[in-house]
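Both complexes shown next keep chain A, but they swap its partner, so chain B is in the first and chain C is in the second.
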Partner chain A sequence: MNIFDRLMTLDRRWVFLFVALVCVITYAIPFTIKLNKSPEVKAVYNFIDTLKPNDVIFVAVDYDPSSLAELHPMFYAIVEQAFRKHLKVIFSALSQNGPAMVDQVIKAVADSVKQDGTYNGVFYKGRQIEDGVDYTFLGYKPYPALIILAMGQDFRIPFPTDYYGKPLDSLPMMRNIRNYDQVKCVVELSSGSSSDMWITYGQSRYNFPLALGLTGVMSADYYPYLNSGQVFGIMGGLLGAAQYEALADNPGEALDGMRIQVYAHLVIIIFIIMGNIGFILARRKARKG
Partner chain B sequence: MPMGTFLWTTLGAFLTLCIFSFLYRDNPLYKFAEHLMVGVSAGYFVILLWHNGLVPNLFSFLSDGHFYFLWLDAKSWWYIFPAVLGVMMWTRFSRKWAWISRWPIAIYIGIGTGITIPLVMRTSINLQLYASIRKAIDWGNFFGSGYLDSTAGYSQALIFVGVIAALFYFFFSKEHTGLFNGVAKFGIGILMIGFGASFGYTVMGRISLFVQRIQAIGNWTATSWHATSSYLIIWILIIGIFVVLSIYEFIQYMNRRGAAQSGS
Partner chain C sequence: MKRQVPLMLVFTLALVMIVQYFVPNDFSLDTNEFLLKWIIIIGIFAMALGIWSLIRVSYEKIRRRVPGWQYPIATLLGLAAMIVFGFDYGRHFYTQEGLENYMFIHLFQYIIIPIQATMFSLLAFYIASAAYRAFRARSVLATVLLLAALIVMLRFNPYLGTFGVYLEKTTSWLLNVPNLAAKRAIIIGLGLGAVATALKVMLGIERAYLGRD
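Presenting the complex of A and B:
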């Protein structure tokens, strides 16, 4: 039995162990990697970066904690960028296990924005972020498609109150905001079918600029919408999040995670090549009899 | 660090190791963590639905802030109709009355279909077709601005040719021979590249989940154990996995011994 025969019968748990060891060791060793920034991620960053103070953006957070590994970093980076630039943000969470997680992120970023900060050479003085003035968190409602459609008429139809139980009309920020017409763009962070719904029932029906932040598994399926102009930018998986962090000059878990990704991918590619060589040799051997 | 935070983060690290122990073999620790997550999610969802859905969007309109079922003097009394439709759904639990649930389902599907069909036609067919035709090839910007530029002319040309070739592959009214077969084969090559891109992203997604848990455990060692060296995480992980698997193997051993004794 040669090495390739052995590889064909290798217990998969050895592969898991090897990948795990590579990930842990690369995590423990401090080093950095160079990252290219793709045009579709740059488009999202540039769009938000060129908005004026008091412009309103809508951030739809439609993922559960099970997908936070990929989507949390881009959520943190976008919210911090928006708050630093004095943009107003409306948040919704149309995924059932998302609202508490969104509330946690908003508060964490608000704490961070209290401190002075310099991003891409621009100094931003720390400031207090206020609920109802700087942001509104609408919370969760079931049936995302109907909620997205109803918000196009008036945010108050599906959300008479915000997540904290306050009527929307009582929030200073929401007084002149009725629907998507007053919103500069929607950024949809999604781990499931809600991104289809935002494209179909939101962008297609109400024609607002839409950007997507997606898990890696979904990303490739949404590029046709980029080419057709239905979405103006895509951030795909941890790579997209890392590129956004690099563009925003706000390094976080995604940039840290990408250096581990590089070596994990190398290991997987090596295993795939070895597995294929083993498969081809085994097939050739079987043909020869 | 407050004791509460320490206990929660430690529990999180322990549950992470319990979930990863499945990679070795299915075991009671994995099952415990899995059931805990499902139970907590379900409980959270029910409470969330009540307080964020039913109370503000239904009961508050029927109650006028006094009592939920005093809807007769409520200004928005017509909200009773969706409430009744919702209650009718529950008749599915009775064989005798299950037919009543077809009414709200029919209304729901009817409205859903009416809204969905024109919007899906526009989103997924019309606009996609329009984009493929209108943006066929941008000759003025053929080489684009750099590395793999999706807006460059060559990308659009590839997409255009790829779409046509992939459609050839799915055209079964003509036998796949000669030039037709060649184009169809090119089409399947394009499809394979698409599937490969999806697979690559999927691998990245799965590794991302693992990386995030490593980062979480790393933060736990740093904040809970004041680990100054990040190498400590290696030992914590190895020892953690070893402990989890040892407990599992011990339980298995005791079960086998119990079964052997009862057999004899």
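Presenting the complex of A and C:
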């Protein structure tokens, strides 16, 4: 077996080993990488950043722990940005594993917001985040399409009480909020088909501004909706999350993860090039001989 | 009657839903609200049916000792554990401070999250291996695919300087022109297909949902 054949038929365990090594080494060595920000991520950041205190945003958490690495960082960054800017947030979790993750993020961000902080040169005084005043967590209900449709009529149809069992009417921030009409935008964080449902049954029917936070593999599928104006921004995968963290001046796990992703992709590209060199040379040799 | 009644019900309710969508008055909104509540209730019954089906299928596999019959045991144990620990038992599971059910939250954080994250992380290795084997410049189209993949993967690489900016612009073009055209065609095709199927169901041409009897 010559070198070309070897390049083409490399045992896949070598690929696994190199990818693993690169992931471990880049994780262990701290360094930062500079990122350009794409217009579709900037659109989401700017939209939320220009909202006024007490405006309401809706964050739909429709992913499972399998996509946590890509979507959790953007969730943290958006919620912290909203709480720092005194926006009110309504959360829902239309994925069965979502509620515990939402609860976890609310607690973590509420702890962080207690401390003073400076983001993009603006000082924000620490404050206490209160359930029912600063945010409402609606919880989980099965069948996302139906829930999205019903919430367009009234949040109280699918969720007469919040996640913690309190009637929505008893929550101060929900008194004047009936449906999407009182919400400035919906940010849908998704790893599955629920994004289609938010576009079809939510945005198209009730006409609210919709932004999507998606896993990397999904994001290309949703560019038609960005182009048609049905979606005003897209955060795609870990890169989208990292760009959002950079825009919000709130570095977290996504910017950390980008180091690993950049080098892992380089390794994959090197393997692809090696395989192709082997393939082209072997084909040329076969034609000659 | 066994076939006519369901067909009439489907036709009438489909017509009501279509009319209410295009007539936004109070009566129409109330009808929509009423029907949405019904759909949610029916959906919850469907979920109970799903759980029952899972239990029955798993039990049958264990009883008949089919190959891999041990796995359904883990499925049933997992289902039972999450149900048992999911109840509150008067210990204020739902509180202002959030989830306080020790076992439920620990099962979630230390079993479900690591399992799902691990399964998904393994994909990175398989994708790397598959990319190495599959991305070969065998034909013109395969070469185009290979180049597009390389451009998209390299676009955010910070070490490419000015070249990186061109890659980013090219990626944006790839996503917003060829990708968009192909996806839009698929979406429009799917939409028209969905309308055609809905009409077939409504008019009783498509009857597979009624079963064989």
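By our rule, the second predicted complex is superposed on the first by the 281 of 289 C-alpha atoms of A that agree within 3 Å, B and C clash if a C-alpha of one lies under 4 Å from a C-alpha of the other, contacts with A are read in each partner's own complex, and residues count from 1 in each chain.
The rule is simple: a residue touches a chain if its C-beta (ideal position, glycine included) is under 8 Å from a C-beta of that chain, and two chains touch if they have at least 3 such contacts.
Since the model is a prediction, treat every value here as computed from it, not as a measurement.
S.K.: If you stack the two complexes on chain A, which partner ends up touching A:V122: first (chain B), second (chain C), both, or neither?
M.R.: In the superposition, A:V122 touches no partner, neither chain B nor chain C.
S.K.: I'd like to know which partner A:I3 touches here: chain B for first, chain C for second, both or neither.
M.R.: Neither partner.
S.K.: Touching A:N276, do we find chain B (first), chain C (second), both, or neither?
M.R.: second
S.K.: Given the touch rule stated above, what does A:L266 touch, chain B (first), chain C (second), both, or neither?
M.R.: second
S.K.: Does the superposition put A:V133 against chain B (first), chain C (second), both, or neither?
M.R.: After superposition on chain A, A:V133 lies in contact with neither partner.
S.K.: Based on the superposed arrangement, let me know which partner A:A108 touches: chain B (first), chain C (second), both, or neither?
M.R.: Neither partner.
S.K.: Let me test your reading of the model: by the given contact rule, A:D221 touches which partner, first (chain B), second (chain C), both or neither?
M.R.: A:D221 contacts both chain B and chain C.
S.K.: Does any part of chain A touch chain B in one structure and chain C in the other, and if so which residues?
M.R.: Correct list for chain A: 16, 19-20, 23, 36, 64, 66, 68-69, 97, 99-100, 141-142, 149, 158, 163, 165, 220-221, 223-224, 227, 239, 264-265, 268.
S.K.: Report the residues of chain A in contact with chain C in the complex, numbered from low to high.
M.R.: Touching chain C: residues 10, 12, 15-16, 19-20, 23, 33-36, 38, 64-69, 97, 99-100, 103-104, 106-107, 131, 141-143, 146-147, 149-150, 153-154, 157-158, 163-165, 220-221, 223-224, 227, 239, 258, 262, 264-269, 271-272, 274-276, 279-280 of chain A.
S.K.: Which chain B residues qualify as touching chain A in the complex?
M.R.: Its residues touching chain A are 20, 23-24, 41, 44-45, 48-49, 52-53, 56-57, 60, 112, 115-116, 119-120, 122-124, 127-128, 130-132, 135, 145, 147, 149-151, 156, 159, 194, 197-198, 201-205, 207-215, 218, 230-231, 233-234, 237.
S.K.: Within the complex, which stretch of chain C touches chain A?
M.R.: It comes out as residues 29, 32-33, 36-37, 39-40, 43-44, 47, 94-99, 105, 108-109, 112-113, 116-117, 119-121, 124-125, 127-129, 131-133, 135-138, 146, 149-150, 153-154, 156-158, 164-165, 168, 172, 175-176, 179-180, 183-184, 187.
S.K.: List the residues on chain A that touch chain B in their complex, please.
M.R.: By the definition above, chain A touches chain B via 13, 16, 19-20, 23-25, 27-28, 30, 36, 39-40, 64, 66, 68-70, 96-97, 99-100, 139-142, 145, 149, 158-161, 163, 165, 199-201, 203-205, 215-221, 223-224, 226-230, 236-239, 253, 256-257, 260-261, 264-265, 268.
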